[in-house]
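So, here come the structures, one by one.
Note that chain A is present in both complexes that follow, paired respectively with chain B and with chain C.
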Partner chain A sequence: MAAGSGFTAAADASITRTLVGVTSGAYTTPSTNGMYAACYSTQFTAAAKSGATEWATASDGSYARQQMGVSTAFGWSIAAYVNSTGVVWSNSNTITVPAVTLNNQTLFALGWVDVVTLGSGNINFFFDLTTSVSVNIGSSVVLSGSTGAVFTTY
Partner chain B sequence: MDVEITNEPPPPPRAAPSRIRCKGGGEIQVIEEATGKVLQTVQSPDFLEVNERRLRTEPKY
Partner chain C sequence: MATWVSNGADTGGSGGYSPGTQSVQYILSNFASSGDIITLPSGTFTWNTGVNVANAGGNLSVTIQGNNYSPNTATGNSPTGTTQGCGASPGAPTLFTTISYAGGVNRNPADNNYEAIGSSGLPTTGKVFRVTGIKFTGVTNSAYQYIVFGGSSSTDQYRIDNCYFDSGTVQSIMVAIYGYSISGVMDHCTLNGGGASEMVHCYGAGAGIITGWTDDVTPGSSHMLFFEDCIAQLNNYSSATAEGGTSMLQSYYGAKTVVRNCQLNFCQIDQHGTQGSIGARWFEFYNNTEFFPTGVTGATSFYALRGGSGVIYNNAASGTLTFSFQCQLYTDDATSNTTYGTAPNFGPGSGIFKNSLSQGPTSSPVYLWNNDTHIGVSTQVGNGGWTPSPIAANSNWFVSTNQPSSMLICERSTDVVGTTTYSYSPYTYPHPLTGLSTSPGSGLTATADASITKYVVGVTSGAYVPPTNLYLACFSSQFSNGPKAGATEWTTSSNPAYARTVMGANPTASWTIAAYASGTGVVFKNTNAVSGPAVTGNNQSCYSLGFCLASTVGVTDIQLFIDMPNDIALSIPIGFYVYLPALTGAIFTTE
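Then we have the complex of A and B:
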């Protein structure tokens, strides 16, 4: 399947409803802790922009969603709008997912969720990889500051 | 019934509707925790484009 990126289908719908003032199904601003990075073993895909399978503690005992930051911008550097480019936002801090335990994992997409609890919350944006990456026991997924996650809204 | 045929030019194409668009990507490293060795570095398909946009818009000091 084609790799995709950007807002999830659910975020497309909720943000649109918020913009036009519809409260039912409107976007829910993340809690006081901002967004969390999450690892997925399948793609979201360019078309559906949903449905990826998140890693689970039953398979990787150390797995946990990672908070992006605690400052006012919650770990994101957000540039001003620029003509023909849009608004660029990237991770301010290095994000390290704890080293894998129990079973080797497959990474095929990264997503950002509005709560830390696995199985809960809204996935707001994501990017797929072209091919999956093996993350074996004892290895960590690391997103370096500024380049680990870069998005543009335009 | 007479039908008048004219050679008026076709109407201009309608502007594409505005929509929310978002694109993202990243460079991911897989690092062996015990040694700190970088085992693999992977870039998502849209990374080069969005990172170029980041470099273009970040403040210059």
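Then we have the complex of A and C:
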């Protein structure tokens, strides 16, 4: 399946509702600094934009969703709209997921969720890796500041 | 491509290149190649000889550019003319370089006549001959021009833009263009001429040459002389009482011209058809507005069509509309000239010459539609005295409320008189040479794109504010696929009945939103039919629709938009209205 990125299918629908003023099923804007990066062992894919499997503490005892940062911009740098490019937004800060313990992990996608608790919340946007990456015990997933997660609205 | 800095003079200079110390001609003759730019500094420069855009190797296609101006990039017809023109025009960018050229002192070596900038013909280098950002003033006689150039169907084109041509009270011909198959554009220029000026002459193939009537014409194609987003005006038009034959342009000898989105302040557009001469071949005049001052004392010409064929539509009149304003179609032939053969005659409505013979006086009718109700369509007795005029409705010309789905044509060698039809669509606007071409877009506006992103990630400052409802608004220009912004909303001053229309009652907000579908995204569309108020006041042009947060007209709170497809604005005449059918009028998708 082709790798994808951007809004999940669920977020796509809820944001549309917000956009036109429909309240039922509308997008819930995250609370202050309430966006967390999460790791997935499967892709969301460009078509389904859903269904990826998040890492679990049963396999990686130290795994936890990571807050994007504490700042007025909530860890995101959002550029102004650019003609034929759209709005580009990226992580302001370096995000480091705790080093893997217990078992080697497979990283195939990253997602951004609106709660810290594993298994809960809404996955709002994501990006798939084109090929999966092995993250061995002792290694960490690191998203470099400004370049680790770059999205565009086009 | 090189940029050469001149000292602003027309002649003079010596030695190797020295920036800012040598004349335009010296740089042209010694250093420039096609594709290069020659700049002039700010200031006023008196030219007595003018420049020949050529060197020992032949003619050049260079850019002659004034200093430090901001080009006018506005597009689309404005009833007040505020989006068009350059120089001294209201709202238009200021020009800092002025060439004062009286003419009559020294002949220009380009053609041994008198002109400030002359070229005997564009080369075939694949470049663009361009003059930009300069004010021309001081001409003292209609025999002297500011710019004269020509060309054939070659790979070189021209662009004259962001220039101000002024002859004050002098009757003038300020620009002359030769060539029946040349292509290029004059855009964002202002032409201000004295009474009876013929500000631009389009000379086609030249006097006595029939070749401009023997080639194929494809309506809506590029091989024409385009004039767009310009202002042409009679000097001191606001206090004038009669137009006096003052013309933005006059076309001759097989010329093919397009005038669109221009403002004409008390001046007409004329297509020649003098008996024994060779008249204009083809015209497309649309989305132009002519302003008539309070002092107007009688019927006035908007278009004078004496030869050729074409289309005239979506034109408006503004100002004092007490008297009639005419699109006149007539012949300059004498009554005795009842045979047709080796020269175009019989006025408008004749088409291509095949084997050097005309196919008849009504072989290729003129079509007119959706022009302002104040613009009458009529015929009259022409200079040849043919009485009564043989030029008639429903043979030489057709008038309709909307564009006919098919129109008779005989402009190509394969066309058959009375049989071949065409479905017209205009050439790309803005003209690609302007660099302002846009493609229709739809979806989130740039503003909404940014604010919804903030809303998504939880940033509160500048974040999207979910509406309680959305309102439909109409726009006379595009948002376009690039900027997704900047369209001009209709106004109540032009259309007193205009108002934004609520999309429907809460809580559904009248949008039908489908579930996400793989490869499609989320499709959402208007649940109910939505109708805007019927147009009053003036005909309107609808180039895009917007969906806004508030009902207040003019507030820049547009969240979603749809440009009309194919770069074509819809004409909404008085009494008609914008209507979105339920579930099909506005359809968006997130992918």
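Keep this in mind: the second predicted complex is superposed on the first by the 153 of 154 C-alpha atoms of A that agree within 3 Å, B and C clash if a C-alpha of one lies under 4 Å from a C-alpha of the other, contacts with A are read in each partner's own complex, and residues count from 1 in each chain.
As a working rule, contacts are C-beta pairs under 8 Å (C-beta built on N, C-alpha and C of every residue); 3 or more make two chains touch, one makes a residue touch a chain.
Fair warning: this is a prediction, and the values are worked out from it, not measured in the lab.
In the superposed model, A:Thr153 lies in contact with both chain B and chain C.
By the touch criterion stated above, A:Asn104 is placed in contact with neither chain B nor chain C. Looking at the shared chain after the overlay, A:Thr29 reaches chain C, while chain B stays out of its contact range. By the touch criterion defined above, A:Phe74 lies against chain C but remains apart from chain B after alignment on the C-alpha atoms of chain A. Once chain A of one complex is fitted onto chain A of the other, the partner contacts of A:Thr57 are absent, as it touches neither chain B nor chain C. Contacts of A:Gly21 after superposition on the shared chain: chain C is touched, whereas chain B is not. Once the two complexes are overlaid on the shared chain, A:Gly86 sits against chain B and chain C alike. Once the two complexes are overlaid on the shared chain, A:Ser120 sits clear of chain B and of chain C alike.
Within the superposed three-chain model, A:Asp128 lies in touch with chain B and out of touch with chain C [touch as defined at top]. Note: residues 7, 12, 15-16, 80, 86, 125, 153 of chain A belong to the chain B contact set and to the chain C contact set alike, using the contact criterion stated above.
Listing the residues of chain A that touch chain C in their complex gives 7, 9-13, 15-24, 26-27, 29-35, 47-49, 68, 72-74, 76, 78, 80-81, 83-84, 86-87, 89, 112, 114, 124-125, 153. On the side of chain A, the complex with chain B involves touching residues 3, 5-7, 12, 15-16, 77, 79-80, 82, 85-86, 88, 90-91, 96, 99, 107, 110, 125-130, 133-135, 138-144, 146-154. Residues of chain C touching chain A in their complex: 444, 446-450, 452-461, 463-464, 466-470, 481-485, 503, 506-509, 511, 513, 515-516, 518-519, 521-522, 524, 547, 559-560, 590. The touching residues of chain B, when paired with chain A in their complex, are 20-34, 39-40, 42, 44-47, 50-51, 53-54, 56-59.
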